[in-house]
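Pasting the structures in now, so scroll down.
Look at the two complexes coming up: subunit A is in both, with subunit B in one and subunit C in the other.
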Partner chain A sequence: MFSTHLKSLLGAAALAVASTSQTAIASTAGNVIEIKGEIIDTWCYFSGVMGDTDATRGSAHHTCALWCAAGGIPVGVRTDDGDVYMVLKFKGEDALEQTDTIMEVQSDFITARGVHYKRDGLNYIVVEDVVANDGITYLSHEDYDSVPPFSAPKKPKK
Partner chain B sequence: MLHKLATAAAVAALVLATSVTAGAADFSEGSKAKAWNLYGEEKALFSGKVVDILCELSGDCPANCGDGNRQLGIVRDADSKLILVMKNRQSSFNGAAEDLLPYCNQKVDVDGLMVGEDEVVKAKFFQVQLIRPQGEGKFKKATQWTKAWKAKNPDAKGKGPWFRRDPRVLKQLAADGHFGLGVDYDQQYLAENE
Partner chain C sequence: MSKFKTKLLGNLAVAGMLVGGIGFGALAAMLTSKPELPPDARPDPAIFQVAASNTPGFPEIKSGDYNLVDHRGNRRTSKSPEGTFQLLFFGYSNCKAICSVALPNLAEAVDILEGMNAPVTPVLITVDHERDTVAALNDAVGDIHPKLVGLTGTPANLDAAYKAFNLEKKFLFEHVDEGAVYSHGSFIYLLGPDGAFKTLFAPVISPVRIAEISAGYIAAAGS
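Right, the complex of A and B next:
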């Protein structure tokens, strides 16, 4: 006969295994959300390859963000609390498709409505509508100039 | 005897569950990835299935993983985690979709760097440097992006790297300037920084 202690242990084990398999394997059902945040270049932001996280967003990093978006690097929406939603589709278009919509909003602070998914610690969003666009609100070039420096405007060659 | 076996099985299940959820597994053994000195960088050699991330999450599954128009990832064999592959091996602002696409819904071995993870976003991303079909032959360098760009942009002639000639980038710079604050601001910046 199993003791009460052993029954509890087996129950906890079964619950842990079930919980683990759900979080690790099962797809997450999407839910509609509205978020406010800045469109960012996620590679430079998370990797630190161009500098710290404040330098790799806003106006200082605008040209580099264009390069990365055109290069197919995931675009994200960074909320004021530092959470980032990886954009999988934007206003009905595929994120990597050769359209300009995703280019036009780089570094802008937007209010987006869309379908949210979460898996393995990451937030993903399919942006179905841009409810508001405040443009570029983080004037990071005032502190950081152009990041990276070779993304600064150049005089045309004569 | 039965009591001891059941106890051992329960403890083993708890340990297994804890190790999977903790996500602290070390995949660096055998990796030949080059270091980039990035935030949270860890070398990682692992196997898994290439997936269209939106398909994996939602069931919205176009043919051939979206033909390069979707962000792709890898569901890692060891722990069934969905790994977002953010970057390829090239150093000029290139994503990874072109390097993963030939292996859509197939098993691969990949070598590269797990990167990132901050106080808010508790997850790392992958930079793929080497890829091959699972268990088969030599690894191939993940450097397909610029070849694909050249094929898509035959009219983008001239010298310099792709990002100086890309029509979508040039169009946006002409419209909003380098800081996104207008072309007049660019002129002001140039005048002040002569």
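Right, the complex of A and C next:
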């Protein structure tokens, strides 16, 4: 049953990704863009397994997002208007190779400059430079605590 | 409009309506139960196309460079001996994390494409060569999909395959019950029959969407 539910959610997620609005696309190659947004865990954000997408961002989901990134889940940059740019490459990495670099910026709100590609209806970006990093700005733990609850260390007994 | 095209359009429309509620198991069954399809039917290029908005210059991966051994002990390169397109994923048979979702999704996409008379060979390259021997893969792949080809090899040959796809994999820790746990890249790659890279899918992409996009590339290759 979980599998069926998950697949339904994944379908919805795929449509959500596919329907993101676009900026102008160069006709000959990827074009350089600068975007502001939060580094997100694309699996938990799009799959819906954690419920509300806002709960899968920011401080509430930071620990889980680190685990997902460490496990190889691609990260994305989510802009304030909800567009998601799948990160193909982060500065210092080879394309598609996700190394520990991403762990240092997971969940941060960054200004990224890079090359934007559209592929099969999705946005991809090769991040060439992080122009600014504001750190974790979405303090979602105030509303959601820890998502999922087991992702945070247990509070010490009093 | 051909009967084939009409049925596919109908199915895709239903697919859209189903999103969010019923799941894709029923859809996959519907798409794969079309005995009336002519044997030469292929995805109609009038319906399934490579997205015109694709940006040229997409950073393609280097491909075509692996030389491994399949779960039956046969040598296999990225060129498909079946002459089909291929959906390739890197993972390992004991993986309880992303593989346990990505591989069933991949298998379902293969079934959907099969229903379109667009056979695609699913391929798994292990990131755990110590446990994923030929025999172990032979035991494991059939549970995922009857057509899944499991590939293993020498560390050197596997490393070459990882490099060919810029695949990052790393041993994380030893789980008390499950043994070695690895992190690894989770993109699914669509390769042509010749092993050439066509496109990739993030693991969040649904089986229906993977099939739909793959069908565009297959239709384009046949036109």
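Here, the second predicted complex is superposed on the first by the 120 of 158 C-alpha atoms of A that agree within 3 Å, B and C clash if a C-alpha of one lies under 4 Å from a C-alpha of the other, contacts with A are read in each partner's own complex, and residues count from 1 in each chain.
Operating definition for what follows: a contact is a pair of C-beta atoms (placed from the backbone, for glycine too) under 8 Å apart; a residue touches a chain by one contact, two chains touch by 3 or more.
These numbers come from a predicted model, not from an experiment.
Residue contacts after overlaying the shared chain place A:66 against subunit B, while subunit C stays out of touching range.
Of the two partner chains placed by the overlay, only subunit B lies in contact with A:107; subunit C stays clear of it.
Of the two partner chains placed around the shared chain by superposition, subunit B and subunit C are both touched by A:47.
Of the two partner chains, both subunit B and subunit C are touched by A:74. Once the two complexes are laid over each other on the shared chain, residue contacts for A:82 go to subunit B alone; subunit C is not touched. When the two complexes are overlaid on their common chain A, residue A:126 makes contact with subunit B and with subunit C alike.
The partner of subunit A that touches more of its residues, comparing subunit B with subunit C, is B. Of the two partner chains placed by superposition, only subunit B is touched by A:141; subunit C is not. Overlaid on A, the two complexes show subunit B and subunit C touching the same residues of subunit A, namely 3, 6, 9-10, 12-14, 17, 25, 27-28, 30, 42-43, 46-47, 70-74, 86, 88-89, 94-98, 117, 119-122, 124, 126.
The touching residues of subunit C, counted against subunit A in their complex, run 15-16, 18-25, 50-51, 53-59, 61, 97-98, 101, 104-105, 108, 165-169, 172, 183-187, 199-209, 213, 216. Those residues of subunit B that touch subunit A in the complex are listed here as 3, 6-7, 9-11, 13-14, 16-18, 20-21, 23, 36, 38-39, 53-54, 56-59, 66, 68-71, 79-84, 86-87, 92-98, 115-123, 125, 127, 145, 152, 163, 166, 168-169, 171-173, 176-181, 186, 189-190, 193. Remark: subunit A residues 3-15, 17-18, 22, 25-31, 42-43, 46-47, 70-74, 86, 88-89, 94-99, 116-122, 124, 126 touch subunit C in the complex.
Note for the complex: subunit A touches subunit B at residues 2-3, 6, 9-10, 12-14, 16-17, 19-20, 23-25, 27-28, 30, 42-43, 46-49, 53, 59-60, 62-64, 66-68, 70-74, 81-84, 86, 88-89, 94-98, 100, 103-104, 106-108, 115, 117, 119-122, 124, 126, 135-136, 139, 141, 146, 151-155.
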